[in-house]
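Handing you a structure now.
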Amino acid sequence: MKDREASLSMMKTMKNLAELAELVGGRLIGDGSVTVEGLADLESAGAAQLTFLTHEKNIDLLSHSQAAAAVVPISDRQYALPVIQVRDPNLAAAIIHNSLLAGPFQAQGVDPRAVVGQDCQIPAAVTIAPLAVLGKGVVLGQRVTLGPGVVVGDGVRIGDDSTLKANVTVERGTVIGCRVMIHAGAVIGSDGFGYATDQFGHHVKRPQVGVVQIDDDVEIGSNVCIDRATFGKTWVKRGAKIDNQVQIAHNVVIGEDSIIVAQVGISGSTTLGTGVVLGGQAGVAGHLTIGDRAMAAAKTGIHADVPAKAVVSGFPAISHPLWLRISSLIAKLPDLFKDVRELKKQVAELNRK
Amino acid sequence: MKDREASLSMMKTMKNLAELAELVGGRLIGDGSVTVEGLADLESAGAAQLTFLTHEKNIDLLSHSQAAAAVVPISDRQYALPVIQVRDPNLAAAIIHNSLLAGPFQAQGVDPRAVVGQDCQIPAAVTIAPLAVLGKGVVLGQRVTLGPGVVVGDGVRIGDDSTLKANVTVERGTVIGCRVMIHAGAVIGSDGFGYATDQFGHHVKRPQVGVVQIDDDVEIGSNVCIDRATFGKTWVKRGAKIDNQVQIAHNVVIGEDSIIVAQVGISGSTTLGTGVVLGGQAGVAGHLTIGDRAMAAAKTGIHADVPAKAVVSGFPAISHPLWLRISSLIAKLPDLFKDVRELKKQVAELNRK
Amino acid sequence: MKDREASLSMMKTMKNLAELAELVGGRLIGDGSVTVEGLADLESAGAAQLTFLTHEKNIDLLSHSQAAAAVVPISDRQYALPVIQVRDPNLAAAIIHNSLLAGPFQAQGVDPRAVVGQDCQIPAAVTIAPLAVLGKGVVLGQRVTLGPGVVVGDGVRIGDDSTLKANVTVERGTVIGCRVMIHAGAVIGSDGFGYATDQFGHHVKRPQVGVVQIDDDVEIGSNVCIDRATFGKTWVKRGAKIDNQVQIAHNVVIGEDSIIVAQVGISGSTTLGTGVVLGGQAGVAGHLTIGDRAMAAAKTGIHADVPAKAVVSGFPAISHPLWLRISSLIAKLPDLFKDVRELKKQVAELNRK
């Protein structure tokens, strides 16, 4: 498998430990001229690779690792291989790994089998795959990559260095920032789900004439759906990260640096603050405000506003510590019911006396 | 942003207030010759647009609106601008907005880069986008629109005025009615999920040889999945509206005018009556009957039949008022456990005396 | 409808009852030379078809069926039509139905409108639909079928007799076994969802450099997402069956013959044993181990390891029998609270005396 992966990885860059230590502001212990050409975990790192230690409990894995060097936490521990000591090895490993994988953008231009509508603005330095389809008046930034089967509607704007993977659909009027990554099968800008109901119980569609705006550095997972606004815009702000199969309804605002885990659903006109974290399969009702840095555990069902920094769980959502306590009490309900039956008997007996 | 949206909106129609009042059976107060060319909400409506007031609490927004006129509830209130009084401003606004956006169908024909199989019946007045793929024997009605990347299997029939957005997949044999809208990435007619298990624990696929039938005026959201029947048909009846990422299993029947909110899952052979509403992320087990106009709150887990007009919540689903009461009691469980501990102590003391 | 279905079914094979009884190791009662050309359920089977009886309660449907013959459970019952008696009519019907539908693979070769990258290995006996897109170095087995709009990334390998339906995306480096079926819109090999967070609260992407491996005889539903591993591989083992809209995160392992029902989400690095069953909308947290043949009911939220053969429900997951008992107790909480209030009053009264 390793050979395979190696052959697939085209843009391999070699860097030496001194450079990498400087990149992450770490303290180098050992030979700074040692070069590495990749990063891997403790089990799989090869002799030309860097590895990283996040938990002291894995120290044995490190001592058996074939890696050339390691990123490690700050401590007095001695290592048999060169190390870069940092406060947060996870973060440093991510930064180093990105730097080792980075290479110059290789523009392949617009494939002749792509379909490009009238009045598009497309710089030379882009990669538009075969069978991508662009509508009219699409404006692309520098170094944009559109995969096969991507469909971009009329008037869409996509900023520099953004990538849309295969079979992504972006409906007309959507505005996408720079360094945005959208994974395969995502649908951005479908109609919001809104109807008015007449006296016969038939649903009359409320036209959805707003747009979707995705700001810089957002990542959007596979098969995610983000609906256009009824009026105005649905808005995903800078740096938000959205996992697969998330559903974001019309007029929702996702705050900067928020983390939305897989299969979350957020109903219309709800606003998330900065740095909000929603666990997998959580659901948020419409027209709510979730405060900055609030967190919801997986499967939480949120029906009311959540204050900043609150941590909530359960359905309906309550504070996480209370939820933990209640969850353990619920498991004891059979005993409680028995106790109460017994008490009723004894009290009846006492009353009789 | 407003200029952008304006330029994207090709089919702008101007109508005067007298026409619009008649369209919705409303009472016009003011100059019926005033024309509007669009509809927007209270905050964003421009000087050439109509707006609408749904809640009296928003009356201040209306007084600051730049709109040319407004749709308002019936009352004795005086307005500074021309108004159309109606019983249901939401409904009237939807009807008016649709009428302002409506234009003649602009047939673009079959793009030469589309792929059309043998023996298809395709009228002249259709729009088949580049890179749509039709199998053999597909029959399209008048004014059908198929977006880029749409794949339509052998023998599929699609009725007049239906639209399939980009990258929709419709598997062979599916029957789709008139005025149906299917949003990007939806998959109609995949195999149902059915297996028989042999003595080794291996699962033998049960062939899924039925079809999917979608009746008139149905709307289906992005990345929805509707599976074909094992035998017979999976059936979505007239006027049902289905939000994004809903999963509808084999042999399910969705009743007329039902509303299925995002991320709902409905298991095999379950039947929903007319006008059923399922909230987001609700789940329904298989082989159940959900009565006419029954409603389930978001995240409800339904394991048993639900009678007509019932409103249910929770998991397992119980009546919504009971669920509300129980949810508030659950938050008080720590107090209850403490009370019972205290009672046991006191009763033991009383018994000792 | 029946005519329609008949005309769509190209590979109709006729077999006689003697052959079919032998195929499933059943006991034939009646004329073994009777031939059937299809299988249908009790209500819809026609005069040239076989039907099957799974529950004695449906015996009336069988007596009114037009079927030529039936697969039935072993019993002393007399039937008016020829029957094949078997231990498990469901399983026998599945085996027979597959055999009646099976036909020789009809290779249509590589459509000239498909896009094939450099250095691909593609045997003659394949069907690559128009507008399928293959990257570089793709290796296909015998009798592979790729539908329209399928996108296969660089270096992907797909084994014999596997089928990818329309608009499936398989990212670079994915390894797919033999007889694998992937339904429309599924995305295999997107980046896992992993970030490290810096001191400003910005999320730094952790490169996802592993792959996905799908073993033989796996079936994957529509719009499923299976993410590539951070390092190493995400792995779906032989015979696992995955329903629509399931989310499988990086480095998950799905054991052989497991059944994952629609809309389940499995978080990173969790391992499922052999024959695990997860009900619809269940969620599993990361880094857990679910033992062989464990089962989770629909909507279960699993936050801890589950031992082999355990059956769990609820959120947080507990044993299914306990969950059933607790669910019924929860509905009685209003009474319990009333009882405790009454007890407190009586005990206070007793104390006063």
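Going in written order, the chains are labelled A, B and C, and every chain counts its residues from 1.
The working rule: a residue touches a chain if its C-beta (ideal position, glycine included) is under 8 Å from a C-beta of that chain, and two chains touch if they have at least 3 such contacts.
None of these values were measured; they are calculated from a predicted model.
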The C-alpha superposition of chain A onto chain B, two copies of one sequence, needs a rotation in degrees (nearest 5) of 120
Residue numbers at the chain B-chain C interface: does the shared fraction exceed half, giving same, or fall under half, giving different?
different
What whole-number Å value describes the gap between the mean CA coordinates of chain B and chain C?
27
Quick check: what residues of chain C touch more than one other chain, meaning two or more?
131, 149, 167, 185, 223, 245, 263, 281, 330, 336, 340, 343, 347, 350
Can you list the chain C residues touching chain A in their complex?
115, 131, 133, 149, 151, 153-155, 167, 169, 171-173, 185, 187, 190-191, 193, 195-198, 201-207, 209-211, 223, 225, 227, 230-233, 245, 247, 249, 263, 265, 267, 281, 283, 285, 301, 315-316, 318, 322, 325-326, 329-330, 332, 336, 339-340, 343, 346-347, 350
The answer for chain C against chain B in the complex is residues 1, 4-5, 7-9, 38-41, 43-44, 88, 90-91, 93-95, 97-98, 101, 113, 129-131, 147-149, 165-167, 181, 183-185, 217, 219, 221-223, 239, 241, 243-245, 257, 259, 261-263, 274-275, 280-281, 298-299, 327, 330-331, 333-334, 336-337, 340, 343-344, 347, 350-351
